[in-house]
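Next come the structures, one after another.
What follows is chain A paired twice: with chain B in the first complex and chain C in the second.
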Partner chain A sequence: MAGSLLAPAPPAPGAATPAAGTGRLHRLRRALSERRTRFGLLNAAPVVVYLLVLFVYPIFSTLLLSLKGEEGGWTLHWYADALQGSNLEVLFTTLRISAETSLLSLVIGFLLAAAVSRLKPLWAGLVMIIVIVPHFISALVRTYGWIILLGERGVVNNALTDLKVPGAPFQMLYNEIGVVIGTTSVMLPYTVLLLYAVMRGIDRRLPAAAASMGAGRLTIFRRVYLPMVAPGLVNAGILCFILCLGYYLTPALMGGPKQTMVASLISEQVMKQNQWNGAAALGIILLLLTFGGLLLLRLIKAVSEAAKNRGIS
Partner chain B sequence: MIALRSTLAGRIFLTVASTVILLFLALPIVLIVVTSFGKDAFGAFPPDSWTLGWYKVLFADGSKWPAALSLSALIASLTTVFSLLLGITAATALVRSNLPLRSAVYGLVLAPLVIPQVVIALGLFLLFEPAAMLGSPIAIALGHTVLASPIAVMILMATLKGIDERLEDAAASMGANRLTVARRITLPLAMPGMIAAAVFSFITSFDEFFISQFLSSVDTTTLPVQVFNVLQFDVDPSVTAISAVLIAIAVLALVLVAAVRRLGGAEKQDGLLPTEPAVGLSTGSETS
Partner chain C sequence: MPELHLKSQPQSSPAVFPPPGSGTGKPLSVTDLRKTYGGVTAVDTVSMEIAGGEFVTFLGSSGSGKTTTLMMIAGFCEPDSGSIVVGGRDVTRLAPQKRGLGFVFQQYLLFPHMTVWENVAFPLQLRGVPKAELRRRVGETLEIAGLSAMARRRPRELSGGQQQRVALCRALVYRPPVILMDEPLGALDKKLRDQLQTEIKRIQQELGLTVIYVTHDQEEALVLSDRIAVMRDGRIDQFDTPRELFERPRTPFVADFLGAANFLPGTVQQRTPEQTLVRLDTGGLLTARPQAGAEGAKVRAAVQPGRLRLCTPGDGFCTGTVETVTYVGTLVRVTVRPAGGADTGVVRLELPAGEAPVLGEQVSLTAHPDDVSVFAVEGGG
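The block that comes next holds the complex of A and B.
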């Protein structure tokens, strides 16, 4: 932990160093930096070894399993299975529910983050507590809360019936509405935090400047504000989408048969059908989708940074 | 500061919208806590009459909850120890040394946070099944550490970055050896961060579901697995009480972290919240 004391002194360019001493100083500095490297390697070793054994290797063996034929040899037929019939439908359902959830989380998160970024620090802090605390409460428990809330005689339906809303009580459990509501509430803290961080960094004088030059509110929003928060919105949307793809608890508990997501299918193949190869293939497909999303994030970041640099020069 | 003033209509809209959104976040949690004290477990809200009965049921003879609770606590404690050990060394390497391939190591450490948990769980099953370690609390804790250690590393990295290296250098220049510097200077200063890392590692493990389910056997079901099974098969009102207990534990843990930060004098130390990894990952950069 005390690696810092091995830090080489910052080189002082232009300092009057006796010519005879430079060589020795140079060697000393190199020796120190080598010690610092060794110290780093030594300390990084535990976590790297741990994750290689318990994280990388297991995923690698999942990959191998997904490529193994029933009578030995290599095959792609588990992937063909996974991309066919009802399995393919599950994959599309997963993409659809993830898209719906990220869109809803983005809209709601945008509104809340926009409101919070206008508040005084004290109030903003209080509101962020309400956003952050649920994030640390088990998603399972929160899902259970939604099941009680959205039931046929739950609080929401009772309130709607009392208000004489036509059509109440609504069926909100064991269908897509329930899944999207539940999953959105789990994902919302992420989008709010990401968007809040972006909005706090925005120079509020820019919209004011635009207004002073006669731009209308809609124009300011569209031409000034939105471009500034757009990278944050895209980021939050993709991240939310990735996290939804492999999500299990809420869809499994609040969805009906038509809301089966990939994670539920994997769990079912393993627990009920003992179908490990197929489950592994589905897992790898999920992994590839996640990698695709992460790659997209990187790409967008690179593009937006390039655009920013061009803007400056 | 010169800023564009919002219209009255706009402000009213944002206020109403954010109130509804905050209710959306808080209501499921508040509802569980209130309902757990109601006589009629699934009935009217707020309940007509109050009782502590469901909590008594939790700890009655023959209840399966105490065993699940203590198993989860054991696994979470093991996870905390593993994750702190990995977190301290990894954060030291990443913040206080010249590490070759630093960004690769950093990426590896954060990866478990975005890789679907079902894939990690599947892989861990394949690892532990041949070793006949299914159902072993140690195996489950080793699995949970994969998820908890990135959070510990993030928190400890932020903590180490916040400690002035010159304090360590000063101690060293006055003759303290490396161990003394670590023990007398770095450790006390890093204490709030270490406690935060420990608490969040504990909660991560305590609430984890997927890995526990894949690695559990009939007699080792952790609390979340037990809750999930109850919710899926036989709904039993005592699950409301155990959910309220889980909420209380999480809130207590957060209060503990907040109190330690306040005592440690860190009025505003960013980066102690494990939501930061998500922010850091999505931007592909480090939160500093």
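The block that comes next holds the complex of A and C.
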């Protein structure tokens, strides 16, 4: 140990400022001089390089691109552009469709997961496979599948017409209904998986315990079951929302012009208008929205925790 | 709407917290309860009456029907026939939440998302108890169980013993007419179990609670109960005070299960109003308290190991050789191989450590007639 302590430590990046405090610097230097730390850094290097090249650099260059003026220099012009007129509308549409999709997949996912968690393990596994397997199929194929099903002469509309449902055939493609059905089907496995994991962890005898002291079924659901599933609902909802924000394929194929989402707009700007700066600005806004979603998640958790602690005193 | 029904309960029954033992009729009476599972009879014509403030235990090995009986009283499973009456109200076909009983589970089953305080307050909230009253009652109940300092903790931050005490508080805070406990100490280690037994008994006596307790541990049953129902094959073998069960077992099973009795085969030689004389197969003559059984009938005499004593040779009902001597603290467990006659296995004794015999010693055994029970041999075998 003494020998390695005397060995000169490699310069520590970021800790070089004297203001950082000599104590911290000393600790860092000592940590770096240890064989285990150096070995650890060596191991981490490939991942760090990988992330720097494929993750940090592209995001950073996108950020730069979104801030560059057409004649050089820095500008917020592209952001202003993205946040007004039809572009702003696209942004709101994206938020709206994401919210609708999250809500719908939460409701369906909740019912499905609750039903599956009541099954015997073997059957539950089978149902979960049925829920997840479609996810292995290309989203493109699935989306075309929906288009065939939901078209004016598709299976669904034919059945509804045969059953003499008033108003059939319905317009279920190239409008918001189509987009929400399509994206919900893509998001459903995530919500089901997340909620199922939470529900499986709930002791099935807890409702019986509540019943023994006089709670009815509705009270048991509201006071015992739902509060225990709530963290899962929040997680699944936010995850679904974030995934939806940047989703491209299904809304582009199953939506009409009114359902243009941010991802489609970016693609259009790059492919058709060769407008990279504006697309970069939209991309950064999307990233910020995602961060916002994650922040919201932490906020909800902190607030509910605080509320619980207040409730006791 | 089940919720509405619950909310209206306090109004329909003015006494939300009736003093224990009050009200019309016995807290619980069970008549001819039967339950079969796919042709197998789990519970067979079980009947009993339980008085207010009584601590009753269902004692039996697994499969004896004790838990099934408890579950039927709680409403978690429905009897095939028979009736359950709680405080004069027939609840046989009611859902568990409408019976107004308390239940303590072996696995505690506290609500993990609630604090200790919230767990105990939950049943009171269901009954619409006013806030000030609720706060007072929860505080008092936690105080009795020594949990006041843990009110703000979550169940997962507590030890098993503490969790079970919270579960107990939760079951008694609304003063149900009867509290049912399904092996509540089964998941705890021996030392904690002893400690909680004392605590359960203390709280039950302090508050005058009526408790039905299920266990397979005869020691636990003896410590806690006012009366014990010894169950076997879905039936109650004997329902009596611990002392009666111990001293006057009515079936060989009870004698064996509670006292681990020695069974000595023999024949009734003489019956008088004062005593029954049994000629043992090993040759000796054993005096028992007066009991049924015709003269000349084949019987088994049961004596508990702790009730046998050594005596001067010739006075006892049996002589034999000491085979093993095991010290168990202040007691010594001795086995004696009887000499003469047919080989009927060893006789087990428990003696004060000071009276321990030596290995291989010839000893003579005696027992007080009151401690000897005589059972007819079934089927003449």
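Here, the second predicted complex is superposed on the first by the 258 of 313 C-alpha atoms of A that agree within 3 Å, B and C clash if a C-alpha of one lies under 4 Å from a C-alpha of the other, contacts with A are read in each partner's own complex, and residues count from 1 in each chain.
Everything that follows uses one rule, which is that a contact is a pair of C-beta atoms (placed from the backbone, for glycine too) under 8 Å apart; a residue touches a chain by one contact, two chains touch by 3 or more.
Keep in mind that this is a model prediction, so the values were computed, not measured.
**Q** Once the two structures are overlaid on chain A, check if chain B and chain C clash or fit side by side.
**A** On the superposed model, which is not a single observed complex, chain B and chain C fit side by side.
**Q** In the superposed arrangement, does chain B or chain C reach more residues of chain A?
**A** When the residues of chain A touched by each partner are counted, B comes out ahead.
**Q** Now for A:A114: first (chain B), second (chain C), both, or neither, which partner does it touch?
**A** first
**Q** Identify the partner contact of A:A211: answer first if only chain B is touched, second if only chain C is, both if each is, neither if none is.
**A** In the superposition, A:A211 touches chain B and chain C alike.
**Q** According to the stated criteria, A:I238 is in contact with first (chain B), second (chain C), both, or neither; which is it?
**A** First partner only, chain B.
**Q** Scan A:A124 for contacts with chain B and chain C and give back first, second, both or neither.
**A** A:A124 contacts neither chain B nor chain C.
**Q** So in the superposed three-chain picture, is A:L103 touching just chain B, just chain C, both, or none of them (first/second/both/neither)?
**A** neither
**Q** Just chain B (first), just chain C (second), both, or neither: which does A:P227 touch?
**A** A:P227 contacts chain C only, not chain B.
**Q** Considering only touches as defined above, state whether A:H135 meets chain B (first), chain C (second), both or neither.
**A** A:H135: touches chain B, not chain C.
**Q** Would you sort A:T219 into first (chain B), second (chain C), both or neither based on which partner it touches?
**A** So A:T219 only meets chain C here.
**Q** Shortest C-alpha to C-alpha distance from chain B to chain C once the two structures are superposed, in angstrom?
**A** 8
**Q** Residues of chain A that sit at the chain B interface in one complex and at the chain C interface in the other, please.
**A** Shared contact residues on chain A: 205, 208, 211, 217.
**Q** For the complex, which residues does chain C have touching chain A?
**A** Interface residues on the chain C side: 1-3, 5-6, 9, 74-76, 95-98, 100-103, 105, 107, 109, 111-113, 115, 117-118, 122-123, 126-127, 151-152, 170-171, 174.
**Q** Per the contact definition, I'd like the list of chain A residues that touch chain C in the complex.
**A** Within the complex, chain A contacts chain C at residues 203, 205-206, 208-219, 223-224, 227-228, 308, 311-313.
**Q** Chain A touches which residues of chain B in the complex?
**A** Touching chain A from chain B are residues 1-4, 6-7, 14-15, 17-18, 21-22, 24-29, 31-32, 35, 42, 44-45, 85-90, 92-94, 96-100, 105, 108-109, 111-112, 114-120, 122-127, 142-143, 145-146, 149, 153, 160, 165, 168-169, 171-173, 178-179, 181-182, 185-187, 190, 200, 203, 206-207, 209-210, 213-214, 224, 227-228, 231-232, 239-240, 243, 246-247, 250-251, 253-254, 273, 275, 278-279, 281-284.
**Q** In their shared complex, at which residues does chain A touch chain B?
**A** Those in contact with chain B are residues 1-5, 7, 33, 36-37, 39-48, 50-51, 54-62, 65, 108, 111-112, 114-116, 118, 127, 130-149, 151, 155, 158, 185, 188-190, 193-194, 197, 204-205, 207-208, 211, 217, 220, 235-236, 238-239, 242-243, 245-246, 248-249, 252-253, 262-263, 266-267, 270, 276, 279-280, 283-284, 286-287, 290, 294, 297-298, 301.
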